[in-house]
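Below you'll find a set of structures to go through.
Here subunit A shows up in two complexes: once beside subunit B, once beside subunit C.
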Partner chain A sequence: MPLNTNVDGNGTINIDISGRFDFNLYQDFRDAYKQVDNPAAASYNINMSGADYMDSSALGMLLLLRERAGGDKANISITGCNSEIKKIFSISNFERLFNIS
Partner chain B sequence: MLPEENNIPEPDVESVNPVPAVARELKILVVDDEVTNRMVLNAMLKRDGFTVLMAENGKEAIEVFEKEELDLVLMDVMMPVMDGYEATRIIKSSIGNRFVPIFFLTAMTDEKALAKCIESGGDDFLTKPFSRTILRSKIDALLRVKTVYTKLQEQHDELVYHQKHIEHEHEIAERIFSKIIRTDALNVSNIKFLLSPVALFNGDILLVAPKPKGGQHIMLGDFTGHGLSAAIGAMPVAEIFYSMTEKGYSIQDIASEINTKLNKTLPTGLFCAACIVDVDTKHNKFTVWNGGVPSAILYSEDKRIKNVFKSTHLPFGVVSSREFKNDVQIVEAEKGDRIYLYSDGLIEATDSQGVMYGEDRLDLCFANNTDANNMFDELTSSQNEFRGDQLQEDDTTIIEVLFDAEESGKDKDSKETSDIKAPCKWDVSFELGPEILRGMDPLPAILHVLLEIQGLYSHRGRLYTILAELYSNALEHGVLGMDSKLKMSPEGFAEYYEIREQRLTDLNEGFIRINLHHEPADDGGKLTIEYQDSGKGFDVNSYHAETDNNIFSGRGIALVKSLCTEFNYNESGNGIQVVYLWES
Partner chain C sequence: MFRDLIKKMWVPLVVSLFAIVLHASGIMAGYEILPLVVTIGVWAGFTSRWAQTNVADNEEDDSGEHVDMSAQVHQVFSEVKDVVIDDGETIRKELTRTKEVVHDAVGNLSNSFHGLSSMTEELHGSMLALIEKVSGEVGEDQSGKQISIQDFIQETSGVLESFVNIMVDMSKQSIEAVERMDEMGEQMDGIFALLVDVKTIADQTNLLALNAAIEAARAGEAGRGFAVVADEVRKLSHHSTKFNEEIRARIEGAKSAIENARGLIGAVASKDLNIAISAKGSVDIMLEGVRDMNENISTSLGQVSIVADKIHEDVGVAVRALQFEDIVRQTIDYTFPHIDRMEELFTNCVDSLSNTDEADPKQLTDRLQELRGCVVTVRDKWEPLFHKPVEQASMDEGDVELF
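Entry: the complex of A and B
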């Protein structure tokens, strides 16, 4: 399964992504955050340690999540990025919108 | 032969898998040369609710088949004129996409003869004498297969329809893109480019526009999404890019405008990574705004990488205009410099093993180059060699722009119309009557007229301040006859605006006249703004005396004074003239 979701004890929604993070994950990714009752109050962690590639549609999906999670007030961390993925984030300057590590 | 178990009728309680209620409408063709067989089957099937048609031989069967929409055929083998095998072959070969089961009923028990039933296109067989129950079950089974088949066929047709629909949309998207990207603008002597149809489809756009006074604006954009959704976003982008370039706006203004438009119109998640370059042949510099596109490379005639313009911004459409930043990177340009822009398709291209082209190969390609004139060709051939057979996925976009003051500037001659918006001498007047003063805010429209002057765009903030302060001054103290002394205390402040509101609602006479007069200067112009109102005016001399005490003059007028080089009331105090000098 390229995408797994769980909610931990602190109420953080963890979304694990593996393989290619691209348009094929759109439905799964949407389902993952749509099930949250109060999306703006939640915090999110996107774990990318299993992901080896990301395209611009993935960036779009992250923006959708950000909007749903309260826009500028959203609390979204993206962790475990490999160097390729970090580069994509940095080219598109997404560090300004997300906590990326 | 006669079926053995024909001591029917008995109540039909045995049908284990009844075909749904619609079964009553199902049509079965019985083909048999023996009249008794036909009668028996006819009676039995009719009792089960089927519509029964009959034929005496294969030839008749084909004739019925051509006329009727049948659901099942019960076929005898040995018949005069044409046997069951032959009839089945003909029916099955002419049936096309439909599925009508043919069920052999035969007295033959010879295995070869039975196998031939299936060979000739039959779907099942049963030897006579047969059990009525078995026959009925087999008919049900075949009809069930037919139902599944029909459903599949319907779904298949639907898929084909959607497939065609998508193909059609792709064609539209391609046509839109090819119109947006005016390839004639790309065919300029100082530009080389690579833009494949796949790249287009994937939302890459490449725009080049000559600036009115020489030089060019170049933009490489990469939309998320592809096909129509990308084409939709590309339309306003291209329009803004071409029209603002033609009017002489800077790439900073163009970038802000594109971002505002996309942020307002595109749904979240759809955006456009882009890099815009201003090739300035007048001041010999490159100005670059890069939001989300791989670093642009500045390469010299003597094969040095002079600069890399990294992406320093978010792509277009991601943040609101308030958060958007349009600061640019500026580097001096020399004759023979080349600037390279490319989409991420270049770096992310993979070979047959799935290995990416990567930045190292790109760096190496520049390092190994022996002649700057061949750099573009080497870059593209290095890509092609690397990809090998993977060419069909080619979605790379690359553009090379050579800096050559004469070449880049040459195209302006063929585009004489673009100089129309150069500063010139003009006058325009507005008279605003009570209807407008009561309800509308005329300032945006007036500002818009002013901004048609090329070069004034970057002054729009200050111009708006001047227009707005003078407007409220003329309206409140002139037309409405209000005294700003009221505003001295907090209670008075509220009262002031209550009175203003009241008087404005009741207003049915009065006017404000605005005259704008512009004269061009060397590198800018002189804008004279005059306001006249229908108010009584005031004693200009006593006002001047009082300004030092700072009790009468509001912050607004002080602001206007600080922005303008000249500031004068007329004799009667109901008119004002200010002068704004500007440089581009």
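Entry: the complex of A and C
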């Protein structure tokens, strides 16, 4: 399964992504944050350590998640990025919008 | 015995005296080598010649050979005088020629150095202009503002960034549209559920109509009218079922159309970002290159200006060193009166001694007295003509720009 979701005791939604992060994951990604009643109240951790590719639709999904999660107040961490994915985040200035490591 | 020695050695003694007087009168001060050589030559010549005749004198009777010896001495004096006059003339000529050669050479050198200096400055200016062109301005934009390579690359970087932003925005909006479409799909699924209910109603209606028709048949003639109604209701339920099917088919068509659109919009949202990454990488490399180039250029500019300054300085030193022509000219001019004086003094001495009978001690004394007077006269006469022209000892002294 390229996308796994679980919610831990702190109410943080952990989304693990592996392989290609592209439009094919849209439905699963959407379901992951739709499962809570109030997406803006939750915090999110997106673990990219298994991901090796990302296209612009992934950026669109992340931006949409940020909007649903409260915009500037959203608490979203993206972890385990490889260097290519980091470059994409850097070029698209996502470092200003998300906690990326 | 002593008188005899004096009598025999008087000529070398006088020549010695003459040489000493020449030294003392300062003739050698400006031009040392040649008079010294002449003096030594004269002294050596006389001494050796006199030694020979002296040996002969000792063997022969001196009274008989005396007149001949005197004539020989006078002859030698006369020859020496000729040599001195001749040498003086040669020295003058050579010195004049030296003066001219040095003057011409220094003139050419001076022109060359000034040319070199101005060319160096021109070169420096050209290099500065070139460097400015390479590192900075590459042209003008429409408003006449200068644009540089660096500006251009930064502009490119900005364009790339907004391109990426537009792409990401587009993706986000596409995903949002897909979300709306999915919501539409959910609404349609709701309609399908309702259609199932409608179909159930139709089916039940059909069943009821069927029951009614059976009941009407059992009633016989009395139920005939009711049978017609039941049949109409059955027809209505069939219509309803048909409608239901049509609606379902239409909505399924819409759903599959939406599914198609969703796929298209998904494709629009999914754009490979590797192009942007490599473009961004290229721009970064270019910016780095321009930075390196600017650094190299400013280093080179520093080196060029150091070299140019050094050349300017060296040319200044060279031009200053060309003062030597002035010093050489004045030194040579200063030498001429010394040669004149030497000639006059020598001529006087030789002429005077030529007319002396060396056998007569009184005449000899008178002549020496005369000569001493002559030396003083000649020295005093020439002294005002001598003036030290240049006190400067080396070219590095002073900072005079000549010519």
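Methods note: the second predicted complex is superposed on the first by the 101 of 101 C-alpha atoms of A that agree within 3 Å, B and C clash if a C-alpha of one lies under 4 Å from a C-alpha of the other, contacts with A are read in each partner's own complex, and residues count from 1 in each chain.
To be clear about the criterion, a contact is a pair of C-beta atoms (placed from the backbone, for glycine too) under 8 Å apart; a residue touches a chain by one contact, two chains touch by 3 or more.
Predicted, not measured: the structure shown is a model, and the values here were computed from it.
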item: Fit or clash between subunit C and subunit B when superposed on subunit A; value: clash
item: First (subunit B), second (subunit C), both or neither touched by A:Ile46; value: neither
item: First, second, both or neither for A:Ile15, with subunit B first and subunit C second; value: neither
item: Contacts of A:Met54 with subunit B and subunit C, given as first, second, both or neither; value: second
item: First, second, both or neither for A:Arg30, with subunit B first and subunit C second; value: second
item: Subunit B versus subunit C as contact partner of A:Ile91, first or second or both or neither; value: both
item: Partner chain(s) touched by A:Leu64 [first = subunit B, second = subunit C, both, neither]; value: both
item: Superposed model, subunit C segment overlapping subunit B, candidates 91-99, 163-171 or 217-225; value: 163-171
item: Subunit C-contacting residues of subunit A that also contact subunit B; value: 56-57, 59-61, 63-64, 84, 88, 91-93
item: Parts of subunit B lying in touch with subunit A, wherever the complex brings them together; value: 222, 224-225, 268-271, 273, 291-294, 311-315, 318-319, 344, 356
item: Complex interface listing, subunit C residues touching subunit A; value: 160-161, 164-165, 167-168, 170-176, 178-179, 182, 266-267, 269-273, 276-277, 280
item: Subunit A residues touching subunit B - in the complex, by the definition given at the top; value: 56-57, 59-61, 63-64, 66-67, 84, 88, 90-94, 96-97
item: Complex contacts: residues of subunit A adjacent to subunit C; value: 22-23, 26-27, 30, 54-57, 59-61, 63-64, 84, 87-88, 91-93
